[in-house]
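Next up: the structures, one after another.
First chain A sits with chain B, and in the next complex the same chain sits with chain C.
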Partner chain A sequence: MYYKEWIKTRWYLLLMFLSTSGFAGYCLLRLHRVIALKGIGHVWEIMLTHDVVFVDYLKYVPLVAGLLLAVVQFAPEMYHKCLKLTLHLPVSHLTVITQMLGFGVAIVLVCDILNFIILWSYMHQVLAYELWSRCLLTALPWYLAGLAAYLLAAWTILEPDWRRRVFNLLVSLLVIKIYFISDAPASYNGFLPYLSVFTLALLPLNWISIARFKEGKE
Partner chain B sequence: MESVISCQHLTHYYGKRKIYEDLSFEVPQGRILGLLGKNGTGKTTTINILSGYLKPRSGVCRIFGQDIQTMDPSLRRRIGLLIEGHVQYQFMNIEQIEKFYARFYPNQWRRDAYYELMSKLKVAPKQMISRMSCGQRSQVALGLILAQNPDLLVLDDFSIGLDPGYRRLFVDYLREFVKAENKTVFLTSHIIQDMERLVDDCIIMDYGRILTQQPLQQILQTLHRYSATVPEGYEPQLSDAELYHPAAIRKHFEVYSFLPPDEVKQRLMKAGVPMQGELNSESLNLEDAFIGLTGKY
Partner chain C sequence: MRKIADFILCFIVLVLLVWQLPWLINFLRTPDSNNTFALYSSLADDFICNQFVGEDKKLHRYGTDGREYSTAETDSLLPCFFMRQLVADGRFPDSIHGRAVTPHEVLQTNISIRLNPRDINGNNIALYPLIESMPKRVDLEWPDDMFRITDTGIEFIKMETNEVKTQKSRLFTEALQEKGFSFPALWVSGNPSVRKAYDEGYLILDAQHRLFHLKRCAGRPFVHEFPIPEGVILTHVFAIEPAARQFRGLAVDTENRLYVLTSDYRIALTGVESFQPVTDRLMILGNMFDWTVSVLDDYAIHHYALDATDYHLIRRLDRTLSDSSLPGLHFTSGDDRFCYPRF
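Presenting the complex of A and B:
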């Protein structure tokens, strides 16, 4: 199953890793320029007094990356109902869809971790723990939004009935809004464990779409 | 003979539109059964129910004795499925798709059978399926089924989009495989000539019901077109259920029936059909038989 997912998504994965890493790198470049021009003291000052986090360019990047991954992974399955081939494999349907989603979730997580490593690798050299952790924690809900976007987009694409698909899309938009309620840095800190659990709890929604596909809902 | 497929009392509706009610049929082991019907009579619906992608409103379908809705996933190893339009993973090439499927069918996968068929296609091993013609894709789909070596093949409108050469290649390969290995096949096709070359048994469906289920040879031997000359302007008003689709065009009257000529003649005379001269009887090919039973309209 993973082989199929790899064949299907490999070029997009390359693009996804390069572009998200590129955005993370660009954020660091901005930080580096400010340090070079105005000194590290200025950076610390604006971070403390003006809520600057230097990662704001990343805000919607994981969201778009997760959304596109779901499209690249699941739209070909729905093309001419190709999903029938996948569900005809001699493996339980629950295993099939869990493996497909597991692949996508793993990719999103690896991409997120890579981005965080890139950010941390520079920030921890020039910023105090409190400041770089504030930056990363500010970005964390956006990365969770990327994971949620992936799961919700998969839920919507796999839904066989177009009316229900519109409904799923609207629900998805409302759910995604949760991750962008506040722009204040680190405002989600106390809520992050619950938001993480909530995000992973979106996964079983896809089983509903598969069950409906199997029942022939159109 | 043991039944590989057994569907009992199937009823299905799309919304309020009835597709069929109380439909029952069986497919014995080692037989090729063709499902024929006009558009909208429920052929693809039946295939979807059989392949587990549609839950009928009522009734039960069993394959190898197991209810399709609760079938053990490993049993799908024994079922080859061809989806309408020869759908396959477009993002793979010939080699990748073989490699992918082979892992799911250990101890039964016949790589050679797949590549033997692929060698007849004039395409490179790395060619993407998305860049193939419908005919070439049909060979990939067939090759994968042959390699899977299933006991039952379920084929939905296998001839769609194929030119005569590819259709013939498909039918000949399939028939050779099925007969040599005593496989069971359930198929639909809108090209009835292909069915005639391939199937052992026929189910002919009309809207909402099965018109007949018989061995092909029995249909061809027993169903006849009867014709006679009638006065111009005569409009047949027959209500005999065993005389199918009586029609008159100018002076030519015709009707189809499984009954012998004498019996048909008697019934027509009893019904007051003003025949002038003899009642002629003709043997039919499957296409004529299909039209005779389902009507031209």
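Presenting the complex of A and C:
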């Protein structure tokens, strides 16, 4: 199952890793340019007095990456009617879909961790703990939004009924909005553990779509 | 399994409805207009309140007895607040309350302070630049380091290398300990900016709720403790650097009483009945004769007229606020910079 998912998505995964890492690298390049032009003191000053976090360009990158992963992984299954065949394997259909989603969640998490390692590796050298941790914690809800976007997009794509798909889309948009309500740096800190659990709790929504698919809803 | 998934979906839809429906209804409705601005006039011995009335919602000014004042009358009754207008009209008085005044003196002694709960309710960075208070040049200069206060002392971090300056850290830690400072700090307040006339460093509450003033003078630490009256436990302090250096800041205790930290290191109790920094907004517009202190909470606005010399209460005006907005789930609030669900 995992090999099948790997074959299906491997080129997109390469693109996803390269592009998200590229955006993370670009944020660091901007930080490095400001240091080179105005000095490190200026960076500390604007972070302290103007709420600058230098990771703004990453805001919607994990969201788009997660969304596209779901499209690449599940849209061909629906379009070519491959899912029907997959669900005829001698395994529970819930196990099958959970394994497929587990593959995607693992990929998104690995990509997120890689991005955070890239950001931390430079930031911790030039910024105090209070500053670099603030940058990373500001970006964390955006990365959770990427995971949520993947799970919600899969839920919407796997839904067999078009009318219900519109409903799923509407719910998904409002859920995604939760991750982008506040622009204040590190404002989600206290809410992050609950938001993480909430994000993972979006996975079972896909069971509804699969059950409806099995029931033959069109 | 399907039941669990259905339950999660129902829960999510319910949360989204409780969040978005009240927001939509409140957005479509015209909000109540609460006119909250009032200033005390010592010449009229009354508050002058702004109100937008009539079809065109034009600004009118009334006394608490309902008497309407014209724009020119208001300017004359609030000569310190409308000083520039009176000077432009050639109507600025030579004396106020028998005291000779000049526009420059009024400009120097006027104060305008705003405290918003958003400023303290947030994940603020616990790093502070200690600006040189006695610079060789006229302008203040941003230092090459910032300090943090740990459980055991004060640490200066050199920005260029991101390393702790051990010698300077030890010097300032010992200076604080000599004055009886107990680490860690409960509250640190300063104005980290070089775009100001002078710098007075930081006001710091130590672990025992004792209040200290820390600044850097010619590279050396200056530490002074404020003697706190018995029974008073300060919870919040706000460092303020007014142009005329009349005072050093404001403080609030566990009973929500407001104090002025005077320039001679006294803690003067004001006539403000209650101010909770974590929920209330505070605005002070003051001059050399009196201060108008406005405290805005969820239900009302309280205006206090205080004497500018000893901060005793002269007059008080309370106005309840009308709020017809539909309650619902919110993730953000005007009172803080956190994001989490709350009703």
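Throughout what follows, the second predicted complex is superposed on the first by the 217 of 218 C-alpha atoms of A that agree within 3 Å, B and C clash if a C-alpha of one lies under 4 Å from a C-alpha of the other, contacts with A are read in each partner's own complex, and residues count from 1 in each chain.
The rule we apply is simple: contacts are C-beta pairs under 8 Å (C-beta built on N, C-alpha and C of every residue); 3 or more make two chains touch, one makes a residue touch a chain.
Remember, it's a predicted structure, so these values are computed and weren't measured experimentally.
> Of chain B and chain C, which one touches more residues of chain A?
Looking at chain A, the partner in contact with more of its residues is C.
> Once the structures are superposed on A, label A:K81 by its partner contacts, choosing first (chain B), second (chain C), both or neither.
In the superposition, A:K81 contacts chain B only.
> When the two structures are overlaid on chain A, which partner does A:L131 contact: first (chain B), second (chain C), both, or neither?
The second partner, chain C, only.
> Just chain B (first), just chain C (second), both, or neither: which does A:W162 touch?
The answer is neither, since A:W162 touches no partner chain.
> Would you sort A:L205 into first (chain B), second (chain C), both or neither based on which partner it touches?
second
> Look at A:F213 in the shared chain and tell me whether it touches chain B only, chain C only, both, or neither; answer first, second, both or neither.
First partner only.
> Mind listing the chain A positions that touch chain B in their complex?
Its residues touching chain B are 3-4, 7-8, 76, 79-82, 84-85, 87-93, 213-216.
> Within the complex, which stretch of chain A touches chain C?
Where chain A meets chain C, its residues are 40-41, 44-45, 47-49, 94, 125-128, 130-131, 134, 137, 171, 174-175, 178, 181-182, 184-191, 194, 201-202, 204-208, 211.
> Applying the document's contact rule, which stretches of chain C touch chain A when the two form their complex?
1-2, 4-6, 8-9, 12-13, 16, 19-20, 122-123, 125-127, 129, 142, 144, 146, 148, 157, 159-160, 162, 192-193, 331-332, 337-341
> Considering the complex alone, what residue numbers of chain B touch chain A?
Those in contact with chain A are residues 48, 51-55, 73-77, 79, 81, 83, 85, 87-92, 96, 99-100, 103-105.
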